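Note that chain A is present in both complexes that follow, paired respectively with chain B and with chain C.
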Partner chain A sequence: MAPALALIGLFLIFPALWTVYLGMTDYRLTGLAAADPTVVGLENYTSILGDPGFWRSLRLTLVFVLASGVLGQTLLGFSIAWALRRLSGPVKSVVETLVLAAWVVPSSVGAFLWLALLDRRAGTLNALLGTEGTAWLIEHPMAGIVVFNIWVGTAFSMLLFSSALNGVPPSQMESARMAGATAWQQLRDVVLPNIRAHILTNTLLITLWTFNTFTPYLLTAGGPNDESAILPVYIYRTAIPGGQLGMGAAISLIMLLINLVIALASMRVGRERRRRS
Partner chain B sequence: MSAPAPRSTVRHYVSRVAFVVVVVLVAAFFALPLTWLVTAPFDASPTLTVEWPQWTLANFRSLAENPYALRSIGNSLVLGLGTIAVVVTLGALAAYALSRVRIPGRDGLLYALLLLSSVVTGTAAMVPLFQLMVQVGLINTQTGVVLAMSGGLLPTVVFILKDFMDSIPKSYEESARLYGARPGQILRHVVVPIARPGLAFVSVWVLVQVWGNFLLPFILLRSPESQPAAVIMYTFYTESGQADLSLISAFSLVFSVPVIAIYFLVNRRYGFRFHGGIKS
Partner chain C sequence: MSTITTRGLVKEYPGGVRGVDGFDVTIEDGEFFALLGPSGCGKTTLLRSIAGLEAITEGTLHIGDRDVTNAQPGERGVAMVFQDYALFPHMDVADNIAYPLKIRKVPRTQRRQRADEVGAGLALHGLSERRPGQLSGGQQQRVALARAVATQPEVLLLDEPLSNLDARLRLEARTFLKVLQRDLKVTTVFVTHDQAEALALADRIAVMQSGRLQQLGAPHEVFQRPVNTFVASFIGSNPMNLVTTTVTQAGVRLGDGAVRLPETAAGLVAPGDEVVWGARPEYLRWSVERLDDAVEARVEVVENLGASVLLTATVGDHRLQVVVPEEDAPAAGARGWVQANARRSLLFDPRTTELIG
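After this line comes the complex of A and B, so read on.
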């Protein structure tokens, strides 16, 4: 047990604490401040909070998480699970396999597949839509990474909701149908109350993962002009190519705190569900 | 009574058609990008457009001749197997200890670790991890990447394995002890064989996580000789002036097939169990 704890301590707990310290220094990758960093206290934080670039990145992240995670993946995943729930045979397995394959393909391959699809000159999308010469990722970078992330991540919600829908008591559905409820009413009055806990769990996990995904970098590298620089990309560009490790660490700490809030919420939901069942 | 009937059949018919159209559109949305992965590798002159290929296997031959491509797949294997070795060994020992020893606050500890691993993700911790590796001289080494990944994956692995260990009856170990087996022998000859399905499951899960991981090797490994396929793939399409599509297409397929195969095999055998974990 001790070696495992040591490794966890070194590569999980230490980085978290180290972030706090690093965030208060002017640590740089190269130059004078690399050899002899000095503690600058909260200076990094005041300059971050005064930097419009940071606020823009935070706003983009919020849009990205809401649009691709909370709305896109959850709604599409639920709809697929709902549409397929009574189907069986080839249609169901083809759709499920496609959705899963998009999830399983390594992220750098998935990103290239989308670069090929959206390519300005030879992309299949332009050929299909007859929109010759449209550079989708330059004209609509945020929409690009949102759609891409929906494509990648919907599988999880689909799987979670299809198992949740299996757990809805058939007798309740039956009596709703007997009482003449429409599909929409059945959904609202029978299904949703039954899977409320799943929806909450799903939303929190998806939020956490979408917030932490670095994959959009492979598609747009944050560009053009930082228009798709979500927080992970912003941290990377500040700290590693930009060399401002101290500044990067300070933004990381903000990110860690947001993660902590989401994770605590999801654990609390999980525990309550276990207590009830 | 005759009027509503036709209207409802019409409505029924329309809604069936709408349903089919939507299902087809959704399937197309997911299939469209994937099609290129299936056609281009077998095309004699692949372009970015999806088209019916002029069948050939020449692209795979040029892949086999590219030194970077092959080595990077080897590197992915090294990282994957290395991480499996570290995580499964340490995870099994820790899970066994946690499952057998009564210490106060054990469940709390487990939950705290799990919480930590979902908070301190590779993305949020890239700066301190990078700096740590520079300080201890593990930057640009595969050991560094293996250790960093192991640290991130261990809490989940311990959590999963503890469940498996809990299901092993204590009486097996007690009777082994009666025959004079030492703790190491009990672990090797009693616990490990019973926990084997759990260990296999965890190994597969770790391999899938490491195989596709981009960020950690991207920031921790600088020389192309040691970079895994996930990073080399990115280099292929960003750094070369004119992207070599026959190489990229064959490479994407060879790089993706192992995880897709593993995934669907495991999914068929155990049902869907890959909940949670790091997907960055």
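After this line comes the complex of A and C, so read on.
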């Protein structure tokens, strides 16, 4: 126990507390305040909450999480799992391998692939669509990182839902078929109620991961004009290029709190569900 | 009218394996019909083909006057109770029973009312708000039955209806099923591997092996005049004694002696013919004194069946099983005489395994 606690303390609790402390200083990357930061209390927080940039970033993050995580990855992952359910043999393995490849490719490599695909001059997409000269990541930066993140993360939902669908008793599906239920009615009345717990787990994990992902920075660097600066990117740009480490720490703490709220809320929903059944 | 008629019905799986291989049967309106056979004989495949859950490869299937060979499961007027009951765990009892009505867009209040009605007829009073997980096995089965009959189907299919119940409940449920079927007068087909269940419930039994029909008949026909040695050994709580031997002037050779020639085989065999002699343990008589046309035997094992005992005795090189009333039970090692009932024993052809008489 003791060594484990020491490690947790060293690598989790201490950095968290250090972030709390930093968030209340004017610590900077360079200059006077870097050598001798002073405690400024809640000043960082008041200035963050009064900064339209922060609110905009929070709004972008929300859109990003909803569009790419909750909607995109969940729906696409479920659809692929549902479609693969009846397939077998080579088609199934090919699709699974392709989807999994997107997940296991290192994010820097994945980002490079997407840059090559979306490039203005020599991009594959422009060649395919005949839209020579379209700068996708400048014209549609949010759409760009949303699609990219769906591509990266769908494999997880697909795997999770595949195993969830395997757990749905075939006789229940057949009972619904005997009653004359259409495919949609079978999905609504038998499949979804049977995999509710999996949907909840999937949503929680995907929300947290998407909320915290920094990889979209590799595509758009938050630009143009902060149009794709989701919170992790916003923090990075505040703290490192911007040099305001204290301010960055303060925003990080706010993110940590949001994470906590998401996790607690979904655990509560899960408990509620178990209690009722 | 809801007879079920299959003509040359074949279900072939990819790879050429035939689950059902050319099945012809007409199941009468209101009949309680059993598909009986060992595991893998195709009985469940046939039931699922009638349900529409398996696509029929060849042949036709009619329900009443309608050709439903290629109809969707929901369009056949067929309801099915699955072996595991397949109740929806997230719906209460009333919603489970009324699910087929929901698909038919019956308004909710009417649905609940119908569910209560059907539930009451199946001894489910006061359980309509419960979830399936809160019910006993017998109650779950009755909910599944209620869901199946709520829409008044033309045909009711039951897949191993009693196999998920414990032994005691099974007998109770068996009687319940028989009464329910008689009251509803719905054409009912059920699948079972338990011959006792088939004998007890069915008006007629189809005995199957390897996807093919072996024998079709009323329980007493299948029990007393099995058409071949497979049916003979499959039917009956204690398997039929089957002895490969020869016909003699005195009857049928058994050890050093002979038993009487079965009455129905008289004139169909001649002395010297090789035959398989078959007699059910219940139709053999045990005696400590010498009887006419009896063979001498030595008791090897005595198994108590409650009101009777099952003897395993050796006659020459053969083993015979005999059911004896409990008060006449001999001890292991005792010697005595076995007499066969000529009206209740049969001869089979050892090459074709088919009944001679």
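Keep this in mind: the second predicted complex is superposed on the first by the 261 of 277 C-alpha atoms of A that agree within 3 Å, B and C clash if a C-alpha of one lies under 4 Å from a C-alpha of the other, contacts with A are read in each partner's own complex, and residues count from 1 in each chain.
We adopt the following convention: contacts are C-beta pairs under 8 Å (C-beta built on N, C-alpha and C of every residue); 3 or more make two chains touch, one makes a residue touch a chain.
Values in this document were obtained by computation on a predicted structure and should not be read as measured data.
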For this session: With the two complexes overlaid on their shared chain, look at chain A and say whether chain B and chain C clash or fit.
Result: fit
Exercise. Which angle, as a multiple of 10 degrees, do chain B and chain C span at the CA centre of chain A?
Worked result: 80
Seminar exercise, completed: Partner touching more residues of chain A, chain B vs chain C, is chain B
Exercise. Does chain B (first) or chain C (second) touch A:Ser175, or do both, or does neither?
Worked result: second
Exercise. Is A:Ser57 contacted by the first partner chain B, the second partner chain C, both or neither?
Worked result: neither
For this session: Look at A:Asn149 in the shared chain and tell me whether it touches chain B only, chain C only, both, or neither; answer first, second, both or neither.
Result: neither
For this session: In the overlay, answer first, second, both or neither for which of chain B and chain C A:Thr210 touches.
Result: neither
For this session: With the two complexes superposed on chain A, say which partner A:Thr220 touches: chain B (first), chain C (second), both, or neither.
Result: neither
Seminar exercise, completed: Minimum Cα separation between chain B and chain C after superposition, in Å, equals 9
For this session: For chain A, give the residues common to its interface with chain B and its interface with chain C.
Result: none
Problem set entry | Complex contacts: residues of chain C adjacent to chain A | 51-53, 72-75, 78-80, 82-90, 99-100, 103-104, 131, 133, 147, 151
Exercise. Which part of chain A faces chain C closely enough to touch in the complex?
Worked result: 169, 171-172, 174-181, 185, 189-190, 193-194, 196, 277
For this session: Could you please specify the touching residues of chain A with respect to chain B in the complex?
Result: 1, 3-5, 7-8, 10-16, 18-19, 22, 27, 76, 79-80, 83, 91, 94-95, 97-102, 104-117, 119, 121-125, 127, 151, 153-154, 159-160, 163, 205, 208-209, 212-215, 218, 232, 235-236, 239-240, 245, 248-249, 252, 255-256, 259-260, 263-264, 266-267
Problem set entry | Complex contact set, residues of chain B against chain A | 19, 22-23, 26-27, 29-37, 40, 47-50, 86, 90-91, 93-94, 97-98, 111, 113-132, 147-148, 150-152, 154-155, 158, 208, 211-212, 214-215, 219, 229-231, 233-234, 237, 248, 252, 255-256, 259-260, 263-264, 267, 272, 275-276, 279-280
